[in-house]
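Shared between the two complexes below is subunit A, which has subunit B as its partner in the first and subunit C in the second.
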Partner chain A sequence: MDPSLYLDRDTWVHRLDPRTKMFLLIGAFVLAFIFLDPLYELVVLALVLIFGYMAKSLENLRRIWFILLAVGLLTLVLWSLVGGGRTPLFLFVELESVLYGLSIALRIDTTIIAGVIFLSTTRNEEVAIGLVKLGIPYRFAFAVTTALRLVPTIASTGFTISQAQRSRGLDLDSGNILQRTRKYVPLLVPVFVTTIRSTNVFSMALESKGFGAGGKRTFYLRTALGGRDVVVLVVFVVLLAASVALRVAGYGTLEGFSG
Partner chain B sequence: MEPAVSVQGLGYRYRGQQKPALEGVDLEVAEGEFVVVMGPSGAGKSTLCVSLNGLIPHFFRGRMEGEVRVRGHSTREGRVGEFAREIGLVFQDFEAQLFSTNVALEVAFGPENFAVERDEMERRVNSVLGQVRLEGFEDRQPATLSGGQKQRLAIASVLAIEPRILCLDEPTTDLDPVGKLGVFEIAEELKNRDDVTLIVVEHETEETLDADRIVVLREGRVVADRAAREVLRDVELLEESGVMPLQVTRFFHEMGLWQGQLPLTPEEGAQEFRQRGWRISQERHRELVDEDEERTQGYGEPIIEVGGLSHRYPNGFAALEGVDLTVRKGEFLAILGQNGSGKTTLVKHFNGLLKPTGGTVKVGGEETTEQGMLRLGQSVGYVFQNPDHQIFSDTVSDEVSFGPRIREMEGAEIKERVDEALSAVGLEGRGEEDPFGLTKGERQRVAVASVLAVRPEVLILDEPTTGLDYAEQRSMMELVARLNEAGSTIIVVTHTMWVVAEYAHRAVVVREGKIELSGTVREVFSREDELWEASLRPPHIVSLGNSLGYPVLSVDELVRVTEGG
Partner chain C sequence: MKEIFTMWRHTQMVVLVALSAAIYAAILIPFKGFPIIPGAVEIRPANVIPFVVGLLFGPAGAWGSAIGNLIGDFFGTLSPGSIGGFVGNFFLALLPYKLWGAYFRRDENSEPNMDSGKKLVVYIAIAVLASLVCSGIISWWVALLQIFPFVPVLILIVVNNAIMGVILGPILLRLIYPRVKRWGLLWTEIMEPEEVSASRLQSTGNILVWVGGVGAVVTGLILGTTGAAPAGLGIGLALLPFLILVVVGSFMLGGREQVEALEEEMAAEESRA
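What follows is the complex of A and B.
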C-alpha cells in the first residue's frame, strides 16, 4: 500500500512554483466560501475538478470517495433538518434549508478535493521550500510537512496492526457504536506505541544528519516563479476578482434561508 | 596521529533506570579502521553508538560519565548537528529514518542542512548513489524500495555529508541474505578507503570476517577488544557473551583443535578437514538421512492444501502464481525466499487474511473462503513479526486471554488456557506484569502465548527471531520445537538460515511468486547453486558439509558423522 498522496507526474501543474500552488489552494477555499447558491458552488467544484484533471490527479479521489460521500450526505441531511426557510417541502423540511445543506456539502467537498489535488501535485519538500520562501522559518516549515507526512505513515501502520489483530479474532464490523468503539482499543494502543517509537528514531536521525546545524540552508529542488506562474496567477486573480464582484453585486446568495 | 574516536571511562545511565547501560568503557578507533561491536541484547551497543555523535548527552536524558572525543572534539561541547560532519550514524530501524518523497531528495537532505551548493550537491547525490548501487533509483519513492535497498539508501543519505567516520547500528538485522550481502559489500568498499573509519554493530558472526577488530560488550562493559580473527577463534568467550560463534570454528573446537589453529570459513574448514585425513562415515550419514525419512513418514493427514493458488494485488502486481503445496499434521515447515518473493503473501492465505484471486486454499478440508477469520483463527494461529503491532493490554494475562475472551469462553476455561499458554512460553507466574516493561524477546513470547491460548492446530510464525540476540533466538526456537513435538504443526517464514537448518524439517523456497524448491531441509540446502539463484545462502556448516559431499545441518551432526578425529 502506497501511503503518500503525491503523484509523480509531469504536468504543467506539477511544474508550477509551490507558492503559486499554495495561492491557488487558498484561492479555491475563498471561491468555495463566498457563494451560497448551490449552482455557483457546483461551478466552483467543476473548476477545481477540471484543474485536477489537467494535473492528472483525480485518481486519488478514488481513495477518499467514501469520506467525500459521507461528509457530503451528513452535511446535507443535518442542515436540511436543522435549518429553516420559507418554502415547505415535506414534513418540517423547507426547500431553502435543503439548498443550504447542498451548498455547504459542496463547499466542504470542494475544499477537501482542492487539498487532495494540492498534495497530489506538490512534494512535501516543495511545500517546505514554498513556506520558507514566504518568510517562514525552516524549522517551522519542516514541522508542518512532517505533520502532513505522518498521516499516511500512521495509516499504513494501522493497516498492518489491524491485520495482526484480525488474525487474533478481532471483529470490527459487528456490535453497536459503543461496543465498536471499545473494539478499536487493540488497534489504537499499538498504533500509538509504534508511532511514538518511530518518531523518536526519526528525530534522532534528523539531528544526526545535521538538521539545524547551521543557520543557512540550501535546497536541492530548484523552484522559481516563471512565466507559467505569472500567467496562472494573473488568470486566477482575475477570476477571484470577478467572483468577489459578482457576490458584492448580489449574485450567488441564497434567499429566504434562516439558520 | 589523533585517533578517529577515543572513548575514555564512558558510563551512562538512562533516566529512570536502575542499572547503567554503559560502565567504564574505554575504546580507541584509529583512522581508517573497521571495528565491529558485538554483544547480546541490552549489552549497551546502541547506547555506545548514540554516544559517538553526541546524541548522548544532548538528546537523551540520563547521567554520563567519562568522555568521548571524535577527531579531537569532546561530544560534551557542541551540538549533535555539528558532529554530523565528522561522524555519520545509521540507525537500526531504517524505515523510520527515511522521510523524503524520492531517493535523490533523501540523499540531498544532509548536504542541504550544511548549505552545500546545488552543483556540488548533485555531484554527491550521483556519487553516493553509485557507491550504494542505487543508480537509476533517483526518482523512486523510498517506500517502494525493498528492505535492502532502503538500508542502502539510509547509508547513502549519511555518506552524502561526507563524514570521516561511519557508524552502522545493526544494519542487516531485517534483511534477507542477499540484502545483507549488499550492505556488507558497501562496508567492504568503505573499508578499503583509508579516509573512512567504520564502526559496525552486528550480531551475525558470519558477516564480521572482514573486520580489523572486534569489540565484545557485555552488561555495559568491554569484555574483549582484539584482532577480529583472534576473537572469532575464541569460541568460549563468544558463547559466554551470548554471541553465536562461527559454526566451522565451533566444529573444529569441539573436535579438540587448539584455539590458534581453528579455521573460520567453510573453505578453510574443508582444507583443514582433508589435511587431517578425517572422513565422513557413510554409515552414520545414512542414519541421518533415514531419520529424516522416518520423520516424514510419521506426519498425519493433510491440514493445509493449496491448489493452483494465484494472488494478484489490487494494483495489478501478481504476487503468487500457480502455487501448489500440502502441509500435513505435525510438520515443521520453513518458507524461504528473498523480500518480495511472495512468501508472506502465501502464508496470509492460510488464516484468511488474504483471499485467493485464483485457485484454492483448504484448511482442514474446507476452503478458507467458506470459513471466515474467526473460525479459521481456531485452527490456524498467526504470530506477526513485530510483537508491538499486537500488544495492547495492561497485563500479560489480559493480553493472552484476548483470543479466548473474544470467543466467549468461560472464566475458568480462560484461566486454564492462559496458564497453559504462559507456561508453554516460559512465562509462568508473570501474568500480572506490564507487557511494555518486558524485553523484546519476552514480548515476542507474549505474542506467541496469546495465539497459543486459542489452541490452534497450525502455528504460523513470521520472522520469529528477527531483532533477538543469539540466546533469545535459541530459546525462542527451542520453544517452537517443543510445541511441534507436542503435536502442533509449525510454519515459519524466516531469513535466518541456521534456524531453518537446525529446527525445521521441510523447506520450501519461494521465488518470484512460484515454488522453486521443496523437500527436506537437507535436500533443499544441498542445492547451493539453486539457493543462490533465489538469493539465499545456507549457513557455513551446511556449506562445509556440502563441499565434503555430505549435507549436514548442524555442528552436532557433523561431529557425529566425522571419523578419524
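What follows is the complex of A and C.
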C-alpha cells in the first residue's frame, strides 16, 4: 500500500514554487466558496480540472473516485432532506434545497480535487520549504513533513503485522464494516509500539546531525519565486477578484434556500 | 498552556509529534473508504489514538493528533473543513492530559495505566468530554462554512470519537503505558516543570471545560433541531461563548503539577533503591 499521491511529472505546474502552489490551493478553496449557484460551481470545478489536466495529475482521482462519488450523492441527499425552499419538488423536498445540495457537493468535490492536485505536484521536501519560507517554525514544518514521509512506512508495517496475524488465523476480510473494524484492533498495539520504540534512536540521530543546533538553516533543495510564479499569481488574483465582483453584483447566488 | 509552545525545544517531543501524527494518519487512511458523511466523518477506529497519545505524550500528542488528522485529510478529504478538524483534534488530545491531573491528589498514584476503577471512570468521563469538545469545534466550523448540516455532523463526531475512545482506549493504555514509561517517553519525564504552566483555580477550570463542552453540544442540538437560530453565522455565534469557556478552562488547568509529581515519585524510587 502506497498512500503517497506525488506524481513525478515534468510540467510547469510541478516547477512552480511551493508557496505559489499553496496560494493556489487556498485560492481554489476561496473560489469554491464564492458562489452558491450549481452552474457557477460547475465552472469552478471545470477550471480546477483543467489545471489538474495541465499538471498531469488527474490519474490520482481514480484512487479517490469512491469518495468523490459518495460526496456527490450523500451531500445531495442530506441537504435535500435537511434544507428548505419555496418550490415543492416531491413530498417534502423543495427544488432550492436540492440545488443547494448539488452546489455544496460540487464545492466539496472541487476542494478535494484541488487538494489532490496540490499533493500530486508537490513533494514533501517542497512542502517543508514552502512552510518555512512562509514563516512557519522549522521544527513544526519538520514534524509535518516527517509524519507525511512516515505514513507509507507505518502503513507498510501495519500491512506486515496484519499478514503475520493472518498467518495465525486472523480473518480481516469477512464481516460487515464494524466487524472488520473490530478485527483491526489487535493490530493497533504492535503498530503503535513498533513505531514509538524508534523515538529515542530517531532523536539521537537528528541531534547528531545538528538538529536544534540553532542558527539559520539552509536547504539542499532550493526554491525561488520566478517569472512563471508571478504570472500565475497575477492571473489567479484577477480571477479571484472577478469572481468576487460577480458575486457582489448578484450573480451566482441561490434564491429561496433556507437552511 | 505554555507547554504547547515550549515542547518544541525538545527533540524527543518533536519526534513524538511526527510519530503520533504518522500513526494517526496511517490508521485513518485505510478507513477513508467508509465515510458516514463524506468529506467530514468516517468510521474511524484510529480515533482512539488522540486519547492515548494525549495522555502519554501530552502537548506532543495534541500537535500529533492535529497534524495526523490534517495528513489524513490530505489523502482524500482536504478542504476548508480541515481547519476545524485540525483544531478539534488538537483539543481531543489536549484535554485528556490537561484534565487528568484535576482528578487526582498530589500524593495519589495518577499514572494513566488503567489499573484501578477510579482511573477507568475518570478516563471514560474525560474521553466523553473531549469528544464533545472536539465535535463542538468541528461542527461549529462546518456550520460557519455551511458545508454540512450541523446536527448530523455534531452527533456523528461525538459518537464516533467517544465509542472508539471509551472501548479501545483503556485496553491500549493498559498495554502501552508500561513500555512508554520504560523507554522514558512520557511527556512528564521529558519536559521540565518550569516549561509547563501551573494550574490556577484548577477546579474552576475543570468546571468551565465541562460547561463549555456540554453546553456547546446541547445548545447546538437545541438550536439545530428547533431552527431557533439561523444556520451558519447564527449557530456559529451562539456556540462561540461555550468554545471560549473551553479555551479559558484549558488555560486554568495547567499541568506542571503532573511533571512535579512524577519527579517526586522518581526521586523517591531512587532513594529507595
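Just so it is clear, the second predicted complex is superposed on the first by the 190 of 259 C-alpha atoms of A that agree within 3 Å, B and C clash if a C-alpha of one lies under 4 Å from a C-alpha of the other, contacts with A are read in each partner's own complex, and residues count from 1 in each chain.
Simple rule for what comes next: a residue touches a chain if its C-beta (ideal position, glycine included) is under 8 Å from a C-beta of that chain, and two chains touch if they have at least 3 such contacts.
The structure presented is a predicted model; accordingly, all values stated were derived computationally and were not measured.
Asker: Going by the contact rule set out at the top, does A:Leu119 touch subunit B (first), subunit C (second), both, or neither?
Answerer: second
Asker: If you stack the two complexes on chain A, which partner ends up touching A:Arg222: first (subunit B), second (subunit C), both, or neither?
Answerer: After superposing on A, A:Arg222 lies in contact with subunit B but is clear of subunit C.
Asker: Touch test for A:Val144: subunit B only (first), subunit C only (second), both, or neither?
Answerer: second
Asker: In the superposed arrangement, which partner chain does A:Ala164 touch: subunit B (first), subunit C (second), both, or neither?
Answerer: Touch status of A:Ala164: first partner only.
Asker: With the two complexes superposed on chain A, say which partner A:Val185 touches: subunit B (first), subunit C (second), both, or neither.
Answerer: both
Asker: Answer with first, second, both or neither: which of subunit B and subunit C does A:Lys209 touch in the superposed model?
Answerer: Touch status of A:Lys209: first partner only.
Asker: Looking at the overlay, does A:Tyr6 come into contact with subunit B only (first), subunit C only (second), both, or neither?
Answerer: A:Tyr6: touches subunit B, not subunit C.
Asker: Report for A:Leu91: first if it touches subunit B alone, second if subunit C alone, otherwise both or neither.
Answerer: neither
Asker: One more residue to check, A:Trp79. First (subunit B), second (subunit C), both or neither?
Answerer: The second partner, subunit C, only.
Asker: Give me the intersection of subunit A's contacts with subunit B and its contacts with subunit C, in residue numbers.
Answerer: Overlap of subunit B and subunit C footprints on subunit A: residues 3, 146, 185, 188-189, 193, 197-199, 202-203, 207, 211-212.
Asker: Under the stated contact criterion, what part of subunit B meets subunit A in this complex?
Answerer: Residues 50, 53, 55, 59, 79-82, 84-85, 88-89, 91, 93, 95-97, 99-102, 104-105, 108-118, 121-122, 125, 139, 141, 143-144, 157-158, 161, 348, 351, 353, 373-374, 377, 381-382, 384, 386, 388-392, 402-403, 406-407, 436, 450-451, 454 of subunit B touch subunit A in their complex.
Asker: For a test of understanding, state which residues of subunit A touch subunit B in their complex under the given definition.
Answerer: Of all residues in subunit A, those touching subunit B are 2-4, 6, 8, 123-125, 146, 149, 157, 160-161, 163-171, 185-190, 193-194, 197-199, 201-205, 207-214, 216-222.
Asker: Using the touch definition from the top, list the residues of subunit C that touch subunit A in their complex.
Answerer: Within the complex, subunit C touches subunit A at residues 8-9, 11-12, 14-19, 21-23, 25-27, 29-35, 37-39, 43, 45, 48-49, 52, 63-64, 67-68, 70-71, 73-80, 145-149, 151-152, 168, 171-172, 175-176, 179-180, 183-185, 230-232.
Asker: Could you list, by residue number, the parts of subunit A that touch subunit C in their complex?
Answerer: Counting only subunit A, the residues touching subunit C are 1, 3, 5, 29, 33, 63-64, 66-67, 70-71, 74-75, 78-79, 82-83, 104, 107-108, 111-112, 114-116, 118-119, 137, 139-140, 142-144, 146-148, 150-151, 153-155, 158, 177-178, 181, 184-185, 188-189, 191-193, 195-200, 202-203, 206-207, 211-212, 259.
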